[in-house]
């Protein structure tokens, strides 16, 4: 393909955005630790964007680690697998952090499990051969990815095989692997990039082969020099380029990463595919390598458990289906001044009331904030200072959109492009009047959509 | 050049300095009633400008030819009937009645025209078109033109048809400017916590008051501009600049 | 409206406060703003409106049986314009000063929405007496509103009340200017807008209070 | 505590649930912005007191006190909690006082403040919702109400014990007698004028502080200065100098005071940087237009009010296009 | 058929029109003299004050221009009154200027109509200020000063309303100059 395809033409930054204190020092130096296998894992049948799966196992059925628990014929979906060997129990319902109630299949852990070392070796250790990737059949790769139940691990959890399946109308020239991890506190991707750069590079090349992309770029924020170093070393001799991005929230957002690393602008309401790019997360890349080269499903992921409110911050390799309580307990529990437990990062994550929630394929971290961290002055009137406009990475006018949402003035909301908002929260982060801008816009977007579909 | 300057002065003076709404208070009913949305306000303003200009054309012609004291057409007809008649024929008592009918007719005309050629615009402000008949801007402009129609001998500042039309157009333009600015502001305060009793006309009038305060800033612009654009017709050569104050 | 229709007294009382043309219906704003910098102007305008409205209402009421719907507005306009011309000439002949001060605002009564609204709503449907008392009531209501505004504007702006006719100095002119000075703004357009705006607010506020009580 | 049976385990943390984001920059509050404005105005206050002595203190005292009183009174009338502590009323009162002539009688500042808070702030719903800059509405009200106390003649008091008051203001001198004031005094502030406007230096110092703190948007003064430089400078290129230069236009009168402190009032200025550029430029042009052509020697106040009224329209034409283009129409 | 209906419908309008037409003609006929007298009286009533020694005035024969002749009780010409108008600070100013019989000296000045700033510019109507013009010779234009006048042809401006003062003076200067030319040319009787 063309030479420009692999050439990074971005400036490494995007316009506006914010620079919150990253607080990654709490856990960035801690190697990934394998969570002891919990006595029971509850695996949700829906961990992704798309159709939920139907259970394919019966109650009390003994399953080996990696066995399919639920699957569906729907294209935009991904099967779920058990991370442990054990016995299937009666399915129940759990509430995910985003408030969705989903069916879960509990698996009682059997006596025979892999040791921590063996598990690590199986997941990320060993050799990840790069030769021969060019000869793989793209369709086979996509099939393997689908079978492994791989979904985006950056947060949105979109089924990866859908992204990589070739579409003749929209050719892909670049695979962009997102290692920005721009949310404060989170260090899961960072540790993975340092400790397992080889599968990431291998996965990147496999994804590029599947999508037919000539170029592959791994974008990492420049506050993670060790990660960039490790990846560059692993990528030596391959066409994979490791690009340093400026440290800027929300660099991890697709639109921002693509803009910063490739200089391309994804149209509003469009996908990276519209500009010839497929974006996957670093952990997803590693999972792809494992699925294609080792035929193993996605059953574990790295989760940062961090924040000033947790006793011992850790980066944990946890099985999907382990409960938040298991992880928090392993990290020494909450400190007395803990005030808020967040699934995901503090900017876009969801706060939790109960901790029985299972870890899913998209869980990037558990951040426990103290009362001091979440302190917020009382809301006052908007004085139109324009801070929110100064930081909106999408060049919107959040103050106006929040006003429109509050008064349900959809004409005004449309005039100011409410639907374009990606809810990154920069506006609410900076607002001097403590107005819940992004919260209002989120609500407004949902209501506007509802009323428009109604009429 | 001198002519252009005169026209420019008339235009600025009419549209900005002596703005119909903020200075003469005319057109306040639609100004308050139809200024809720920017689009309709613009439509209303444009319609008023258009109708005003047409009504001005008609009323100038009728006043000049028929109504004013000593109007040529009337005089001619009168002489046909009474060849020996003397003195000036004066039909100006009929001015008001005639103007209001001219305006009503012009509105009808515009309504038909807009309905036929600009259905979208008609939809936007069609309801307001009949209301334009009672828009005082138009009658006010006709009355102002009446004072300046040159048929009557001793008119201090006679206007030809050109000046009458410029005046009418700029009067409408002034109304358009006022109502568009007001509509913008009213859209803006739609979500403001305006005290209940003041919502609607109350706050609109207060904003109009502040705007008319602001427009006072243009006062005197015409006389200063006149000095720059056209030096006094009878310059007094002996006048020297006053010596600087002894300080 | 019911079959019996309102009594003349009802129409008269309704016009003054409950259906006050300026304060409640926000009609006739243009003269309300333009002539209220003195009480004299306000009262002369009220008189002119009373004359035109009463004449028009009575005439329309007399011929209401002969009105054709599509020619209705035409007849109204014709009638009003004729009576306004009469009022204008009467003022020019007998109150030349006021005629000069009010200038175009007398002929502008033709397009005053109050009058055409009364013709349409009341005179075209009611008997002569009702129409007449309606005209008087509405005019008094109009005069009341104008009087309120003119009082505020003249007292603050000139320090007088009916200064030209009666020469009443509410605020003595002898007060030194570093203690008090007339508010010239009240005489100018902004004062008119602001006073009427606040007066409308006050009226609504009082209405709301009375309703609650 | 120790006696309780649960003493062996630490007290359970109190957890809250809230929608994200969960952290805030927190470096700035609305109140802090108002304090910033007051700090930025300090150089102007200093020059005012230095120049006009007690007269300046009197105006500032009356202006601020009346503004606070008006805010308290009107908010009470509305049945709202008085928001005196957010500092916005104090800012209004101070800016109004700084825009008055030193010799204005007491009631000018008082009536001006009441008009500012009453007619331009509370009726629009209070802080953050006013369309017009309250201080300028108050000043306009006072100026039109008391022309003798606020007009050009009010600035000159031949018998005043304060030295600065014996000369006409630079702009009046220019308009009436074609007299050009030297740049030095204009810059330092040893001329006559409204108490806060005399010193260009003080306005620049305070203004730069505000811009650096980003309490004021730099686009507005930049647009204003640029438009004045272009509009006043271009004709000067083709005409031999009358001694009145672009620098005079910038530093005389209230232009810099207005551009840095009044036009930048965030509430009554546009939302976006593009809008702010337009706003600043229109403001500059209007100031120049009124100064040159209207009967008033200075146009800052009128220009602010007019351009405030245009803000909704400016906002309307400066709605930013989202990165990636407008939201596609759904069928 | 339709047309007939239309006319039949309109009979009321036509009748009313005729009625009003007649009525208005009556009003016009009976009030016009009085209104005209009012209009003229506006000017004429000022003449005794503008030209000392006169008791009444009448329209002079001056061709295109409008000039009034001031007469004393005996009917002798005591002076002239000329209307003049021009741009003031806010709007047009209309002045009446009184001159002596030879046109050599201004005897008085009156402001018929003005819309200057109340409290400032409208001080041009104040008698004390206007009286400055009385007695000024007309061979030299009058000059406005902001301080105390020194030369005989100078007057002092109203404090804070220099433009209004200037306007009045400029209008007066122009009108007087024109009148002097006309008078010298014999165009006025």
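Every chain is named by a letter (A, B, C, D and E) in the order it is written, and numbering of its residues begins at 1.
Convention: a contact is a pair of C-beta atoms (placed from the backbone, for glycine too) under 8 Å apart; a residue touches a chain by one contact, two chains touch by 3 or more.
Predicted model, so just to flag it, every value in this text is computed and none were measured.
K.L.:
Both chain B and chain C are touched by which chains?
P.N.:
Touches both chain B and chain C: D, E.
K.L.:
So which chain ends up closest to the centre of the protein, judged by Cα positions averaged per chain?
P.N.:
Taking the mean of all protein C-alpha atoms as reference, the closest chain is D.
K.L.:
Looking only at C-beta pairs that count as contacts, which pair of chains has more of them, A-D or C-D?
P.N.:
Spelling it out, more C-beta pairs touch across A-D than across the other pair.
K.L.:
Centre to centre, by mean C-alpha position, how many angstrom separate chain D and chain E?
P.N.:
Centre separation, chain D to chain E: 46 Å.
K.L.:
Roughly how far is chain A from chain E, centre to centre by C-alpha average, rounded to an integer in Å?
P.N.:
Each chain's C-alpha centroid was found; their separation is 86 Å.
K.L.:
Calculate how many whole Å lie between the centre of chain C and the centre of chain E, each centre taken as the average of the chain's C-alpha atoms.
P.N.:
32
K.L.:
Using mean CA coordinates as chain centres, what's the gap between chain B and chain E in Å?
P.N.:
Roughly 25 Å separates the two chain centres.
K.L.:
Can you list every residue of chain B that touches 2 or more other chains, as numbers and ranges?
P.N.:
Counting only residues that touch two or more other chains, chain B contributes 93-94, 97, 195, 198, 203, 206, 209-210, 213, 216, 219-220, 223, 242, 245.
K.L.:
Got the chain A residues that touch at least 2 other chains?
P.N.:
Residues: none.
K.L.:
For chain D, jot down the residues that touch at least 2 other chains.
P.N.:
119, 123, 126, 129, 141, 144, 146-148, 177, 295
K.L.:
Identify every two-chain combination in which the chains touch.
P.N.:
So, checking each combination of chains, I get A-B, A-D, B-C, B-D, B-E, C-D, C-E, D-E as the touching pairs.
K.L.:
If you look only at chain E, which of its residues touch chain B in the complex?
P.N.:
20-21, 24-25, 27-28, 32, 66, 85, 87-92, 94, 117, 140-141, 143-147, 163, 167, 170, 173-174, 177-178
K.L.:
If you look only at chain D, which of its residues touch chain C in the complex?
P.N.:
105-107, 111, 119, 123, 141, 144-149
K.L.:
For the complex, which residues does chain B have touching chain C?
P.N.:
22-29, 32, 93-97, 100-101, 104, 133-136, 139-140, 143-144, 195-198, 201-206, 208-210, 212-213, 216
K.L.:
Quick check on the complex: what are the chain C residues that touch chain E?
P.N.:
The contact residues of chain C facing chain E are 63, 66-68, 70-71, 74-75, 78-79, 82, 85-86, 89-90, 92-94, 96, 157, 182, 184, 187-188.
K.L.:
Help me check something: in the complex, which residues belonging to chain C touch chain B?
P.N.:
Against chain B, the touching part of chain C is residues 26-30, 33-34, 74, 77-78, 81-82, 84-85, 88-89, 104, 107-108, 110-113, 116, 185, 188-194, 196-198, 200-205, 208.
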